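Below is one structure; the comments refer to it alone.
As written, the chain order gives the labels A, B, C and D, with residue 1 at the start of each chain.
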Amino acid sequence: QAVEAGGGTMKKRRCMYEVHVQPCLVEMFGTSLFVFVGCAAVIGNVEAPGAIQPAVAHGLILGVLVMLFGQISGGHFNPAVSLSIYLCGGMELLLLLPYILAQMAGAMIGATITKVMYPSGMYVASLGGAFNATTADVGKSTLAEVMMTLVLTIVVCMGTVNRKSRTPWAPFCIGLTVTACVLAGGSVSGACMNPARAFGPAVAANQWNNHWVYWVGPTCGALLTVSFIRLLFGDQRTRVVLK
Amino acid sequence: QAVEAGGGTMKKRRCMYEVHVQPCLVEMFGTSLFVFVGCAAVIGNVEAPGAIQPAVAHGLILGVLVMLFGQISGGHFNPAVSLSIYLCGGMELLLLLPYILAQMAGAMIGATITKVMYPSGMYVASLGGAFNATTADVGKSTLAEVMMTLVLTIVVCMGTVNRKSRTPWAPFCIGLTVTACVLAGGSVSGACMNPARAFGPAVAANQWNNHWVYWVGPTCGALLTVSFIRLLFGDQRTRVVLK
Amino acid sequence: QAVEAGGGTMKKRRCMYEVHVQPCLVEMFGTSLFVFVGCAAVIGNVEAPGAIQPAVAHGLILGVLVMLFGQISGGHFNPAVSLSIYLCGGMELLLLLPYILAQMAGAMIGATITKVMYPSGMYVASLGGAFNATTADVGKSTLAEVMMTLVLTIVVCMGTVNRKSRTPWAPFCIGLTVTACVLAGGSVSGACMNPARAFGPAVAANQWNNHWVYWVGPTCGALLTVSFIRLLFGDQRTRVVLK
Amino acid sequence: QAVEAGGGTMKKRRCMYEVHVQPCLVEMFGTSLFVFVGCAAVIGNVEAPGAIQPAVAHGLILGVLVMLFGQISGGHFNPAVSLSIYLCGGMELLLLLPYILAQMAGAMIGATITKVMYPSGMYVASLGGAFNATTADVGKSTLAEVMMTLVLTIVVCMGTVNRKSRTPWAPFCIGLTVTACVLAGGSVSGACMNPARAFGPAVAANQWNNHWVYWVGPTCGALLTVSFIRLLFGDQRTRVVLK
């Protein structure tokens, strides 16, 4: 973590690369793998009952990727997660926008690969793993996204940013929370909790019905999390009141 | 854990907050998230066969919440767990009643959110995730609750209170035990093991059939656990006989 | 672990209790909980497809119990496991027979509780969770038990006895291996791998068809494991040849 | 790990054995257990819907075996994994070919045992757990194998070779990645990701339709992984450019 400030252009270039470029590349690459596995699990799940297969696939691959790439980029792979971590004091502002753009680009790559890989019949039948909130229940879908993103980002911020509660098992906690939330809310809104995960297959499959739900819901959930942690549940360093 | 006793009113207020208020808030908040995810997984599971989806959802979210909030409040989220931990010597009496009230309040909040979030057809069909022991087998249901709460609280007390057997992986052990117990006893009594988990959706869905089963069963299970640990399985410090 | 040799009868009685009596009680208690949860998951699984529910329930509860009681008794809960651990040098001969008897007694207790707890219709339909190898394929069933017990006891002995490979995560490894083996061989022989697990419900439900398969198979599997570890895969301390 | 260079032929023979022979035996033995459990889970899964049973069985047994045998041989059990680890600098060239041959031999042993163990009706109906890419979609199947092996070997190399990201939980990460990938791609190509896993049952069941897919796909995936890590995601020691 501590980068030795040495002499020479060579050394500086490496610093630049490892501190600013590699994390963004890792966010793009990791998000593409996450969206690839996630969408593929939804598309391949057409004939199986219930949400257990997509729930387990999303949760496990996310937990593993956060575990492996967390040392390099923090392992967000989710704009709502990046936002909540930034607002809780866990990353610098400079990286926020590059991370979000990298996540969106990675999601498009991952979703495109699933489109090429799956037979088009299965791809079309499952909307390519895209989310598609029905207009009748768009309010309920938005509430579901708010609530489940609240759960996910509480786990992320308490497990990785807040000093009193952070733990080396946070990556598994994050993955398993995704599994639990997909089982809990998958039948209402699809349980996306991640604007990039929604954006990628929406581009690849050209499905934009109520797409805004998957940006507004997770953003509100992330802001709720930040309020709870900054006002009530953070330790002395993270909390801004009652210090 | 060690709170430095400094001067000034400011410092004391913080102590008060972190030692007495924050743990109760965390119990309320954590229980509301647990009941939200748990009830939602039951409601959303209507069309899928077996108990695997609710079992996995309850277990994973509980394990994660205990891992994250355990440093602050102990992460009980369950009156039967609080009772058994208190009687095994793992918490002070002063917090027992506030914890139980906070858990009941949190459970009502979580259950109410699922009611708003799910379409009312699915909500009614699944009784809102409430437990509903049939009167014919009410004795068997009570026995099931006793036995499964015994298993759960044995894991909690051996994993977090008893010095010889406690382990940093106790949170995952607790969550996975809930998953196993729901698979084991879900078809008899619903495998509640938690009066607060029963109380929240009972209020939200107004379902009170044999509700007492989910208070009497878990309480007896917790008392059995305390007997086993205090008399037989505790270490020299926890055991009260044969020292 | 180090028991201070002090004076007085009081002290000696405690030593006796913690060194010889408590481990046997723990084996009985743990086996009764394991068999209770395992049989209940089989009985409650009648309407669900596949073996995933019993597989997950057996694996998780075993992993958790080994994690918690391992410090006290080693957490065997299985005569085949006790045999293989003894022959690999991980326990003293004096405890072997008491452990096996305690495991058989515990299994009867656990199985009897499931009989009382479940409605008799479900209990009879599932043979009370007892194993029932068909006579036509009794050879294949025995082979399945040999092979799957080989896998299980290899994991137990490499993970807890052999110094080069032992790991604090052995309890979870053991539990997850049971889950994998039930998924692998459940449709041939039921994937028992444990004479006590077979014995308990056989007594409670009075089902003795080819019961010997579940004693002969696991015993042969345990002996095969010991051969592999003592001759080929152990470290210098455990291996008896090529030192 | 450090082998003391002592005198005498006896000592040298042990070195030889523990350094060169035992790892190869472990690769053969571990691969035979992995292929045994994996094929058995596929054969026994005929009546259950979806891919969850084979996905969970493959992932759990692989994670456990890597955890236990990783200290001895590295725990590859997969020629594509051995290739990627060698090219990332995690093993010596001398062992590469022996490892691959041992893995192929082990896979044949494991697959043969499943053939003996299962009733021939079930064995034939499931092709003995062999992979069988349909010729119509052979390109899509190859792409699926490339992509999923890329995910698996990224996890292996980042988790065990790359110093900045390696972690003691890598074995579980590897196993869980296999589970996620089978859920993601099982319905396209079967999600083999392992030439040895394909080779064993192909020999036992004599199924060679498009068998090359399961050698070409994983090999290309491994080479892609090596490119990504050596050029972009490795730490200063592993990366060959931008140092």
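The rule is short, and it goes like this: a residue touches a chain if its C-beta (ideal position, glycine included) is under 8 Å from a C-beta of that chain, and two chains touch if they have at least 3 such contacts.
Computed from a predicted structure; not experimentally measured.
Between subunit A and subunit B, two chains of identical sequence, the interface residue sets overlap only in part, with shared numbers making up under half of the total. The chain with its CA mean position farthest from that of subunit D is B.
For the pair subunit A and subunit C, the distance between mean C-alpha positions equals 40 Å.
Separating the centre of subunit C from that of subunit D, both taken as means of CA atoms, is a distance of 29 Å. The residues of subunit C that reach two or more other chains are 49, 52, listed in rising order. Contact topology of the protein chains: cyclic, one closed ring where each chain has exactly two touching partners.
Residues 10, 13-14, 17-18, 22, 25-26, 29, 33, 36-38, 40-41, 44-45, 47-49, 52-54, 56-57, 60-61, 63-64, 67-69, 71-72, 113, 116-119, 122, 172 of subunit A are the ones that touch subunit D when the two sit in their complex. By the touch criterion given at the top, residues 49-52, 55, 59, 137, 140, 143-144, 147, 151, 154-155, 158-159, 164-165, 167, 169, 173, 176-177, 179-181, 183-188, 228, 232-233, 236, 242-243 of subunit D touch subunit A in their complex.
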